[in-house]
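Below, chain A partners chain B and then partners chain C, in two separate complexes.
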Partner chain A sequence: MNNNIIIKNLSLTYGNKQVLENINQQIEEKKITAIIGPSGCGKSTLLRCINRMNDLIPETRVEGEILFHEKNIYAHDIDVTEIRRKIGMVFQKPNPFPKSIFDNVAYGLRINGTKDKKKVSETVETTLHDCGLLKEVKDRLYTSAMELSGGQQQRLCIARALAIEPEIILMDEPCSALDPSSTFKIEELMMKLKKRYTVIIVTHNMQQAARVSDTTGFLYLGKLIEYGNTKKLFIKPKEKLTENYISGNFG
Partner chain B sequence: MKKTFNTGNPYIWLSGGTLTISLLMIFGLVALIMFKGLGIFWPHNITMLMLNDNSVVLGEISKVEPIPNLKDSYRTKLKVGNRDVYGMDFRWVDNSSILSQDFPTTALTIERREWGNMYGFLKGMKHDNRIESLSLADMKPLLKESKALYKSIRHIEKKEIGKINHKMEKYRLALKSLERKLPSDSTLKNIASIKVKVEELEKQYTEKVDNLTNLYASAKEKKVVIQLADGSEEILPIFQIIRIYDPNQMGVYAKSSFYVLKFWEFISAEPREANTEGGVFPAIFGTVTMVLIMSLAVTPLGVLTAVFLREYTSDNIFSRIVRISVNNLAGVPSIVFGVFGLGFFIYFIGGGIDKLFYSEALPTPTFGTGGILWASLTLALLTVPVVVVATEEGISSVPKSLKEASYGLGATKFETLWKVVLPQATPGILTGMILAMARAAGEVAPLMITGVVKLAPSLPLDSYSPFIHLERKFMHLGFHIYDVGFQSPNVEAALPMVYTTTLILIFTVLALNLVAIIVRNKLRTKYVTSAL
Partner chain C sequence: MARETFRENIKALEKDIICEGEMVCTAISRSVKALKDLDIAEAQKIVSDDIHINKKRWEIEEKCINLLATQQPVATNLRELIAVLSISTDLERMGDHAEGIAKIVIMHEDKPLVKPLVDIPKMAEKASDMLTRSLEAFVNRDEKTARAICDEDDEVDLLYDQVYRELLSFMTENPTIITRATYLLWAAHNLERIADRVTNICERIVFLVTGTMDEIKVSKY
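Our next item is the complex of A and B:
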């Protein structure tokens, strides 16, 4: 079964403002896809289209299709919560719930109907372990997540998203609020996640995109200017605009 | 000059000054109430004044004030008590007419069950026609005896006869509803069996009443003779005496322990003598119960309204009108809510309940008359805007990122609301509740027409099933203040009670709020949001 994300002729307007214009993109499975571009080019909006997070913003209109498992996620008979369960998201700022570390990871499991306490605690431990957080928080699982450092909080948010076993993980500038060493840990984690999940990351940081991603898309003023293999895009961009951007002429 | 203004310093002084004035007013208010209210339990010395018309006055000095327009002349207000003899408790004496002043050590203050205090000297015990001398120490066992007697009388009156009455009322209603049915063998049999039971109860009742008459008769047996200031003698049954003491001989320690005892009596006992003596316990109990029922009603109502306004409607004309209306509800005079409560809750809903479930008791209303439930619901309506506004603020302070995190994990709107937004908004909700409680505890006007009474015969909570009697009328501290101070037969003597009752009201509100504030602060630390 093909669980690729295929974006077809996607346009998005917010009120009277055209934010995304006719985006066509095919996202590869079990790879890291980076979306880069200057501020306000619509990269976060594009990412949020993929799990219909933009539904929460009033006056947003979406045209075109996003196919997931060959089904349009904007079709009328689609259950949005089901989409968001399969396509997890990590946000720009760490946003753990003001609950205990355990409850944060267990939140998704509980709302998705896992009642078995043993299963919940097992899943919490393995996901925390996968995110390299278990060692650090083992003896304070039941203390508030707010006491963790920023980097730990962000890894907790990743663990929270992983706990419900999504197929795709969307990351919206996950390191922009973090220091270099925390950033390094999260990038390490991303490389590990690639083996099991399809990862799409929006980043402001071109070095990060070059370091971690397999495929990169360059978005400018709501249009996908260039999309292709990361190495090729960074070394030999086809478009003049891309070249200007990655060489730091604007953005 | 302009420069000084531009530094902003004058504004700091201005705002600081207004704050100081506000604080001073609050402290002044509390201090005045405490000063006026806390003094009444202190046993004051008894003064004996010889006047130039050869009369003698005995009593407590309650006030000395200058006579207007006359230099260096004063008059004294004396509490002379003995209302049954003199007709009034207080008397003004011109200081220029006082020949001498004395504090006789044997002067006694006698607290009575009726007619207020008596001031005088103990002559002795009355036996038929002779008077046997009696010391104050000898009075102690006698008073103990009479207290025990009083207790057993109260027990019979309240508990035993109360129980019989309760049962009789039940049988009466049962009979009434049976008699309305078509006569059949089984109903006739039931009627007969109930009538037998009623007869049995009536027999018990007459027994108890006989018992009571005997007790009352024995209560009148022992009497003491009290000599008043003018030398006349009064015969007083010991049963009438609650307390007898000689303030002029009491030291500071004795007076302090007396004070504590009296204060405790005030907050734990029932009122006596048309509320002017005794305690205010039923009023404290009524206030607290009413506020608690009100909070139970107002919280869900206000929170759900706020959730709807904040989460389920977009900003359109409808939601704006609702919001404006809710806010304006706060400005409606409270008596209007009282009238609404009377018309809607009491006559419409209460009357409906009576017709459906208590029809056998009609035309005597059960729920179709003022009661603690209706008063609480009326106040809940009155305070709903406060809770709505505070909850809306609490909900809007929940960071969007938290909601998104929840949605991102596949949570529905309801799950997000229930598990993330509402817990996070709890401190805001509790703030609303605290404000609502403070408002409700102080509101009197709407209560007066929805269930508050001068004297409630029983608390809304007792040992008869179903234990909580929401239809009962109740007493309230706010109304009690008004009643004691301005509606009692002895306004002047009761005036200090106004301040004391006010003090108790303030402390009750304070205690209720303190509990809520502690809970809120606990939750606040629990739901502290990310520092990032």
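Our next item is the complex of A and C:
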């Protein structure tokens, strides 16, 4: 098993509130890992720890380590911008920039210094194709991204994240604002993405975790209660608490 | 507790399984009694009554499909529905075995049995007892009892061996009874298969409790 993210004894507090408690988790490379759990259990916080998005929240204290290629991303000499480039993120609500479809995807490339127009153009096209969006938008690449449907906007945001060739994609409830058809398109996209990327998804939708992920972690009150093979977890979970949650008996 | 309606639906399915099991037990005892008495009218009724067991099985299957399609069961609930689907199918097939015995009665026409039945009723009694207790184990989620019942299949196999040897010696002594002796062999085989299907039910109970799919008892025949 290749792990490109290893979370060791990770705890996080916001002010006096402990949100994550001693999380230990190894994320498998080129697999989809789902994190499930009831509202407020810390799943989005855990996800945001992985590319240090929580740094932006005042009074946040992180203890423990997250190893990315064996190096602690919380070490003092780490370039956080570089970490966020390699570990991209897609959010719950599609958040395209108020720019053209082309410029949304090209944005990351340009701010990372790619000046070659041909290269930018090729990357935009390939990435949109990989996200199953090219056919739908090829005739209107220079119109505003805000005119796309919610599902298309979310795929555009994924394309934007992929354009700068990250290694890991973090997805924070990427389908919660989408209709079933758009949701299935994103799920299909995730299955394709895992051939090249490691995907970590936080989802409220347990069926989605069961459908798409290889490994699932159940988080409850900031603790990782159970973590393992998705099929096993949904057929015969080891912990009673997991059983009760996934069976809809609480949460 | 959340999902009470769903829990009630699963409990109702358990009752349906018990009901189908009782129908099968009745069919087994009726068919063996009809064989003992060579009661053709009763045998014909048993054959036509098999449709009720088949209908019960379809009814259970439809309820399971509806719950699978609409409730997205996982973990214990998922294993419960899979167990119900599988047990219901095994019960329906046991009903077919009982029907098979009834058909053997009809095939005798007006000819007598080649010998009075001794071991065949014993096989029927043992298989029915195993069936009843396996369904109790299902309701009680009793893995230990399920495993123990599987071991009892050997007793039915031994009786079948005995019937086989006895009928073979009869056929050797008197070739004119070969056809009717073979009928009785088929009847015994139906009962042996019923006991085998009880072990399938027990394997489903083990799966339901442990999540492990395993063949506990490999059939001798």
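Following the convention adopted for this analysis, the second predicted complex is superposed on the first by the 248 of 251 C-alpha atoms of A that agree within 3 Å, B and C clash if a C-alpha of one lies under 4 Å from a C-alpha of the other, contacts with A are read in each partner's own complex, and residues count from 1 in each chain.
Methods note: contacts are C-beta pairs under 8 Å (C-beta built on N, C-alpha and C of every residue); 3 or more make two chains touch, one makes a residue touch a chain.
Computed from a predicted structure; not experimentally measured.
By the document's definition of touching, of the two partners only chain C reaches A:M206; chain B does not. Touch criterion not met for A:L67: it reaches neither chain B nor chain C. Residue contacts after overlaying the shared chain place A:F250 against chain C, while chain B stays out of touching range.
In the superposed model, A:L134 makes contact with neither chain B nor chain C.
For chain A, the partner with contacts to more residues, out of chain B and chain C, is B. Contact with chain B, but none with chain C, is seen for A:S144 once the two complexes are overlaid on the shared chain. In the superposition on chain A, A:L221 makes contact with neither chain B nor chain C. Residues 314, 399, 401-412, 415, 419-420, 424, 526-532 of chain B are the ones touching chain A in the complex.
Those residues of chain C whose C-beta lies close enough to touch chain A in the complex are 1-3, 6, 72-79, 210-212.
Listing the residues of chain A that touch chain C in their complex gives 206-207, 210, 232, 234-237, 242-243, 246-250. Within the complex formed with chain B, the chain A residues making contact are 51, 53, 56, 58, 81-82, 84-85, 88-89, 91, 93-98, 107-108, 111-112, 144, 146, 150, 153, 157, 160-161, 164, 177.
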